[in-house]
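Across the two complexes that follow, chain A remains constant while its partner is chain B and subsequently chain C.
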Partner chain A sequence: MIANPYNSLDWNAVIPLLVVSVTALAVLFADLVARGGVKRVVCIAIGLAGLAVAAVLCAKSYGQSYSSFGGGFIMGGFTVVFEELIVLSAIFSVALYSAVGEARHLAGSIALLLWSAAGAMLMAGAGNLMTIFLGLELLSLALYCLCGMSRRTTARESALKYLILSSTASGFMLYGMALFFGATGSVSLAALANPATAASPLFLVGTALFFIGIAFKLSLVPFHVWTPDVYEGAPLPVTAFMSVATKAGALAVLVRFAYATLPSIHVREILLPLYVVAAISMLVGNLAALAQTDMKRLLAYSGIAQIGYILVALAGTTALGLRYAVFYLAAYLFMNLGAFAVVALMSTENEEGSRIAAFHGLGWRRPWLAAAMAFFLLGLAGFPPTAGFIGKVLILASAVGAGYAWLAGFLILGTAISLYVYFKILRLMYERDQQRAAPVVENSSALAWVSVGVCAIVTVALTFYPLVPSNIIPLVK
Partner chain B sequence: MALVAVVMLPVLAGLALYALPRDDRRICKIAACGVALATLVLVVLTHGQSATYGWLSRPFTAAFHFSNGGISTWIALLLSLCTLCAILTCNVPRLRNFLTLMLLLEGSMMGLFLARDLLLFALFWDLMLIPVFLGLVGWGEHTATAWRYLIYNFAGGLTLLLATAAFGIAYGSTDVIGVAGLAHLGNVWQPWIFAGFAFAFLVKTPVWPLHTWMPATYADTPSPMVAVVSAVQSKAGLYGFIVISRALLPESSHAAANLMIWLGIVGLLYGAVVALVQTDAKRLVAYSSLSHLGLILIALFSFNELALRGAVIYIIAHGLFSSALFLVLGYVEQREETRSLLRLGGLGWQNPRIAGAFCLVALAALGLPGLAGFSGELLILAGVFQSGNISAALVALVPIVIASAYMLRLFQGLMNGPQIADLPIRKDLSWLEGLALAPLIAALVFLGVYPQPVASFDASSYAVHAAVKK
Partner chain C sequence: MGRARTTRTRLVCGNAVMHHLMGIDGHYPLLLAIWLLPLLGAVACWTFGPQLGRLAGPLGSACTGAAFVAALSSWGDAMQKTSAGLGAHQHLGSWFPGFDFGLLLDPLALIWALIITGVGFLIHVYSIGYMAGDRAFARFFAYMNFFVFAMLTLVLADDFVLLLIGWGLVGLASYFLIGFWFERPTAVAAARKAFVINVLGDVAILFAIFIMFARVGSVGFADVFANPHALGGWLFATCACLFIGAAAKSAQVPLHTWLPDAMEGPTPVSALIHAATMVTAGVYLIARCWPLWSASPDAQVLAGTVGALTAFLGAILGMAQWDIKRILAYSTMSQIGYMIMGVGVGAYEAGVAHFFTHAFFKAQLFLGSGLIIHALAGEQDVRKMGGLRTRMPFAFWAMLVGVLAIIGFPGLSGFFSKDAVIYGALEHGHPWMYAVGIATAGITAYYMFRMLFLTFWGHYRGDAVGGQEHQPGPVMTVPVALLIVPTALAGWLLFGPASWWKRFLNGQFSGETLPAPVVSELSTTFIVLAVVAVGVAIAYLRYAGDAAMKDSKERLEREGARMPSVLVQAFYVDTALNILFVKTSQAFGTVFGRWFDPQFIDGAVRETVISSRWLGHLFRSFQTGLVRAYALIMVLGAACFIAYYAFSAGVR
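So, the complex of A and B:
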């Protein structure tokens, strides 16, 4: 039975989400009002301010636990943590617009990015299949437009590719949801949690289709082929946003489904294909990253592997594992967006600075920028003193403790391969034989520098104070 | 707090060097020397202290636990002394950035040897790879060497990390290094955990057949850095065997003892024989290291207290003479722009002071009585003999004889013989270079005649009392 949603309307639960959506409107309005050179500054400032307010409101409701909209949206520590991560990634992405030269339709881009973030936040709190799909489509529709918002021809290819493939994946997911409904007569994730129906073929087929949709959004191998092309073609801030927020939203849905819906007696068997996919992703993602010549493509492939690491933490669906998955996601957010901020600072008026060859000799030309990049890459490779190191230790411990030593082995193998990916850049930056390149106008956007600094500080700080959110588990359900 | 400063001072000060003017070599060097000296003083002052700060409580307990005592103190002293001496005569292009790497290297290794927590140990283990990699990339001769170094050692670092995580899960805590009378890890995982640690240690030491990264790395790395790497970083693995494998995983260590002794013997002989035919002076010393470190491995896995004490003396002695050797070779290379034994010869006529210093150091390396190498070797051999493994003790004697051959070949090839006409004539040892070598040589002599201070650590925290009869 679907409960009447009007009985439990609690708008408090979605206030951060509403703030983000309304901010998008405010940005569009400001674009109409503001004139000349301040337009750019005003749009970015309003976007950032709105997101900051949303972040604060979000943090305030940490620790509460209730559901509203008839169970359609669940507010709790879990939702808050994911919403917070999504808002943070939106903040960093919007800040990058200040450094990237090409910004046609700046206000429109920021507004779409905010709506996209709102979609991801909706996914983070989704308690039934309808809300999941609503969030997913809000996220994706905005992103289709964003991917095309660039003068380059690759942008159109990127947008079209994303549209077609993502719609197909959504179709898979929708069909899976239909089968769930057929099996249980309910769209609520909690109502699906019934060991009796879990054994029915309808439910199992539905789960498979559902996973395919999720795997596409998480860009897990073999549903990853769109990722590098789309990342490469999309404007840099959009790529940065997609690399974290999309994945966070999809991960939240997956976690809720795995922890709250799947019956605990079958969960190991049902999730096994997902672990296999994670293992393959760690290997393929890192191997493919070896051959890249574009930083955005490299980070796309590295992101495929990183999500694999996060899924290893979820192995065995233990309470500790979930915390470490969230911790690693946060670490990944700061390291990855830090790297994107450096790429943004490399870009010039006409070109995004994502060619890997452009990093050659950076260590001697711009030592601070190179040091920051080196630091983020070390983090992604799992080197100390970064959150990537401690995050990997926690994931390894949780996987070994849950009896998934083989997955831990794959993680080690994947990390070993990734070494070459990241240190290749380090070598380029610090190599001995450097021709002193002709001095170019350095991009020195203050906001992007602040992003780099914040990301670096948080990445170090998380090593020494691993803030692992403690009370997530009871709030998933 | 002061103990944390020992680790953090070189790291932070090293990074702060970036604030100095890029081209003012003098200022940069004075600052770096000051930092290295301050670190040395701090190591002495903080002797016996320990400091703990909480880190993780789940899934296992881990802490930022440093302690300056026992074996650690001696290795920390060795490290800070070697770094100071190496920095003192550093003369490479882009000096400021190089000095930063040297200080980062010092800080990361200092953390490693003072750490009392396995996770902290693993953290510094990975961290100390980065300065050497960047040193090889920026100042080395071939980039391939940097990759080989990194890939080998990071592979070791990963198995170490996995073993640390597994140990933490199985044991509940990683704050366990150097704790006397700790309950053993009685667990089916123990062999696997041991294997993970052992692989990392064997690669790092290195031990045959995992040594192939080492000669190239030692030859390509600039002399000041390789002086520190060969003296101290190569001891990380042996130190790990002492404080982790032997102390925390005794059953598996005993089970693997025969294998380890065999690996040690093969490395001992192989390194010595290959050193005989090298023509690159740095490679020659690299292979001699392989041989010497094999001897220490045999000592550690004989589970004999005498051998352990000998091993610790030899760890320090090897650190002193190998860093001095690499420094002298660096001086020679800088003057003559080659280090090939085929090209060099008769340098002693023009540079008697270099020849004299080199002679002393080479004699220490071949184990002349009265110098530190001898006291270590003697105790090791006596201990191995006492443990009942007579054949190993006898085999271990052979390379000591070969050592005289290759060390004298090195010395004679470089310093004696007829002068080679087309070699440029350079100045003799400068006072600064002499100042850099003097403490190393003095320490070699001192430990040669009076090794008691190094050998008299409390062995109970390293679990030697759990000896088994072979």
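So, the complex of A and C:
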């Protein structure tokens, strides 16, 4: 299958990946050279610069089509869009290190985060099963370490839980890939796209196992159980990164598989279980979020529901649905990372201010911060004038148009419950009660403030200029 | 006649006869200037009102005047014509697919833009004098400029969404201006009433947009009009929704009741908004949507019938009014009925022509009446006027020209356009609308001359001591004098078989060649003239003859007391609307507010909250924190997944 991968190495396809990976080494090197207070600044600056260069190089490939490693990595409009989203989430996460995170772990954390991003980017462009698994493991291995990068015991616990459960899911997925190979005799996604073999039991059971691995990374119910614990325990920037980048990578794999590999005659039945778990996720995610006392846990559950919304857009595997899914993913990125940046601004270097009680009376103590938080929460709830509103309208339109009205019904139900989740915090922030008001934490990291501002502006701007890229039909060849 | 009608219907339904020309894309800075200059004026007057002081008037007028100059300079752009395009199209921005926003200036939009800015400019200048004593001088001009901007948005829009935005903003500006003297409770009530009825129309248009977007996938004029039959069975529904919007804005029966009340606003407002421009937006809408109307004979009958009815009822009610501005309000309603009838039945050029001439003579009449009201310190009751011919000769001559124009005196502007509309109804196969149009012309002659005689003939019946009225200054008289020229002469542009007007609108509308009706245009003119002469004669006998002059004051009091209540109450339309909508809504409100809402909605919310909390805690209880429990949940889920695929594989 892959005769000599280096013969087909197209630099255009892999250059953003290389830039991100090499930047990680540069950060580690800077950590050795720099001394004292500038260390933090230098490490973050190098990380951000590398990511920015990668974003620009990546954007140049939009509208092109390159392939490397004998079709193992495919660069085109689809890969570009997902890689950009992953790079953006990495940028916002690295920016959070200016507000939180222990100094001694800083350079290592940023380097691991960049490698993790490289793994997710590899998943976004993966053209065969080997590359998918390689990207998945690169992403996960870096994250296992990142989750434990803290003095707190909860962080260690979260890292271990993630390691065990994620390995289980990877095992399922690897077994599924083996069955694919058995059914078709190939690991390339292009070769899997064969209607004759797609009906074989071997292929279908392989699909089941493959989807279990994907569903774990997307944290769909019931494969979501690890999410709240790991999100809560992991350091804040890591949680922020995981909440978007992991999902974007897994979503890219799922979309490429569903749109380009599965034969269109069977695609409805084959994807049905995913829609069912998406429906359950929208309900369970929002219901469980009601009872949370920690903001990171709450956002974990909210993310479980939000990924359900994105899967609703993919219902019926229409081209329009894919465009709307990407739009909503982008909107989710800004709203969610904006909320994480707000949490970062309420934290100190060693203590994360993610308890929901800390938001009590925030509207009177730090009005701008509370206003931004309120805005992101409204966006997550799907209120105008945020991109969350327009995104949900588009998803509903595409799902109903594709004949999945029942999924649209679940989306509306889930949204109705989520209002209660988000408005509870809104009410808390604007309650005037001196006794219960939390003590003020003054963190005025400029970068985190910039993140909050950019996220807020983009969330509004996407409402009026809905960027729904058209050139994103995934390719396997 | 019946046979002619069937032929016509078939012709209209054929696709071939309709051809809608789109604007030619390009960059037109002048077009943007027309649109944005009044906005600039509004913002300036609003923001720097206190600093500007008395300068707000000239500034506001200058902005409107500059917009007029820009509109005149865009003449060439608007008239450019190729095989595929007519006029200028300036792209503004895109939203979703199907939502492209831009400005369109073709002859139809140009004629409206010229009237809005040209007549608007004269009225702005007039207002400098009329509003001189008002405290909120700058606020007035901010509102007026804002109105001009909103109206330009409406007529320059190239799609239904931007049109609706303009449509709504116009309603808002009208609300501000009717309620300008907000210390008066009647003004506030009138403003609210106008706004509510107008919003009803906005909602109807919104529904039309929903239908169009659902069926055509676009809200742009070019896409919707390219093939009206793409709307399929929804074509009539679309037209009907648009027509409700048009009827609300243009005071068509039964949504007309806000217009007489709107006379609570300052008189220049009545002249600008409630006579010359805003109330003709409905005419514009139908003329703009002519491909839809031409494709739907039912919509033509609907609009034509309502228009004819409004023309007739408005004229009847005009006979029973004593307030000079209410007389003019009902005459406006009646004249717009003519226009709607014209564009409704398919006589687009005639309907638009009547808008064109009406804008001049009605603005003239309102500004003339404003001269009188201003001079008599706010007196509006014609029973307390009389004999003003000698004391206010300028106002007299101005009003006389206006009245002669509106009743269709040969050679003046109304003569040409009104006859064209009446004859157009016959030409398009609606003989009874033709008859109603002729009858209405007679009644119009009667009540307009009644107003003229009561105001200017006989002896002064008011309380003001002789010579006390203050004569208006040149800032007020010059605009009126300038309006006399088009009031008198604009009609000649419509004269003849190859008239200037036909050449101007060439390519704007297209349609079928109609069979010649039984009555010729010339005979129609003579019939109308005869009816008009009868109307004037009756008015003379009742209000200006020697017998009427003897004890005019007592006679008028008697007449007022004997006025049939059906006319005084304006056919009880207000009462009927009140019972039908207001009272029933209140009853519904009571039922829902007292019983349904607390029991069902609140109850459901309460239950949802309680059960959500319970479920939330339930799901939380799964979250034990133990890895073995998590692994168990995952493996159970995995088992379900594998079972589904294995099972579905077995079935196949």
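Everything below uses one rule, namely that the second predicted complex is superposed on the first by the 453 of 477 C-alpha atoms of A that agree within 3 Å, B and C clash if a C-alpha of one lies under 4 Å from a C-alpha of the other, contacts with A are read in each partner's own complex, and residues count from 1 in each chain.
Here is the rule we go by: contacts are C-beta pairs under 8 Å (C-beta built on N, C-alpha and C of every residue); 3 or more make two chains touch, one makes a residue touch a chain.
Predicted model, so just to flag it, every value in this text is computed and none were measured.
Of the two partner chains, chain C is the only one that A:Lys161 touches; chain B does not reach it. In the superposition on chain A, contact is made by A:Pro201 with chain C only, not with chain B. Counting residues of chain A touched by each partner, chain B versus chain C, the larger count belongs to C. When the shared chain is aligned, chain B and chain C each come close enough to touch A:Phe464. Contacts of A:Leu209 after superposition: chain C is touched, whereas chain B is not reached. Residue contacts after overlaying the shared chain place A:Pro222 against chain C, while chain B stays out of touching range.
When both complexes are overlaid on chain A, the residue A:Asp294 reaches neither chain B nor chain C. Using the contact criterion defined above for the overlaid structures, shared-chain residue A:Leu396 touches chain B, although it does not reach chain C.
Looking at chain A, you'll find residues 416, 420, 464, 466, 468 touch chain B in one structure and chain C in the other. Put simply, chain B touches chain A in their complex at residues 18, 55-56, 58-60, 64, 94, 97, 119, 122-124, 126-127, 130, 133-134, 137-140, 143, 146-147, 150-151, 154-155, 158-159, 161-162, 164-166, 168-169.
Listed in rising order, the residues of chain A touching chain C in the complex are 160-161, 164-165, 168-169, 172, 199-201, 204-205, 207-209, 211-212, 215-216, 221-223, 225-226, 228-229, 269-270, 272-273, 277, 284, 287-292, 416-417, 420, 464-466, 468. Contact residues of chain C toward chain A in the complex are 95-96, 608-609, 612-613, 615-617, 619-620, 622-623, 625, 627, 629-631, 633-634, 636-638, 640-642, 644-646, 648-650, 652. Residues 320, 363-364, 367-368, 378, 383-385, 389-390, 392-394, 396-398, 400-401, 405, 408-409, 412, 415-416, 419-420, 423, 426-427, 430-432, 464, 466, 468 of chain A touch chain B in their complex.
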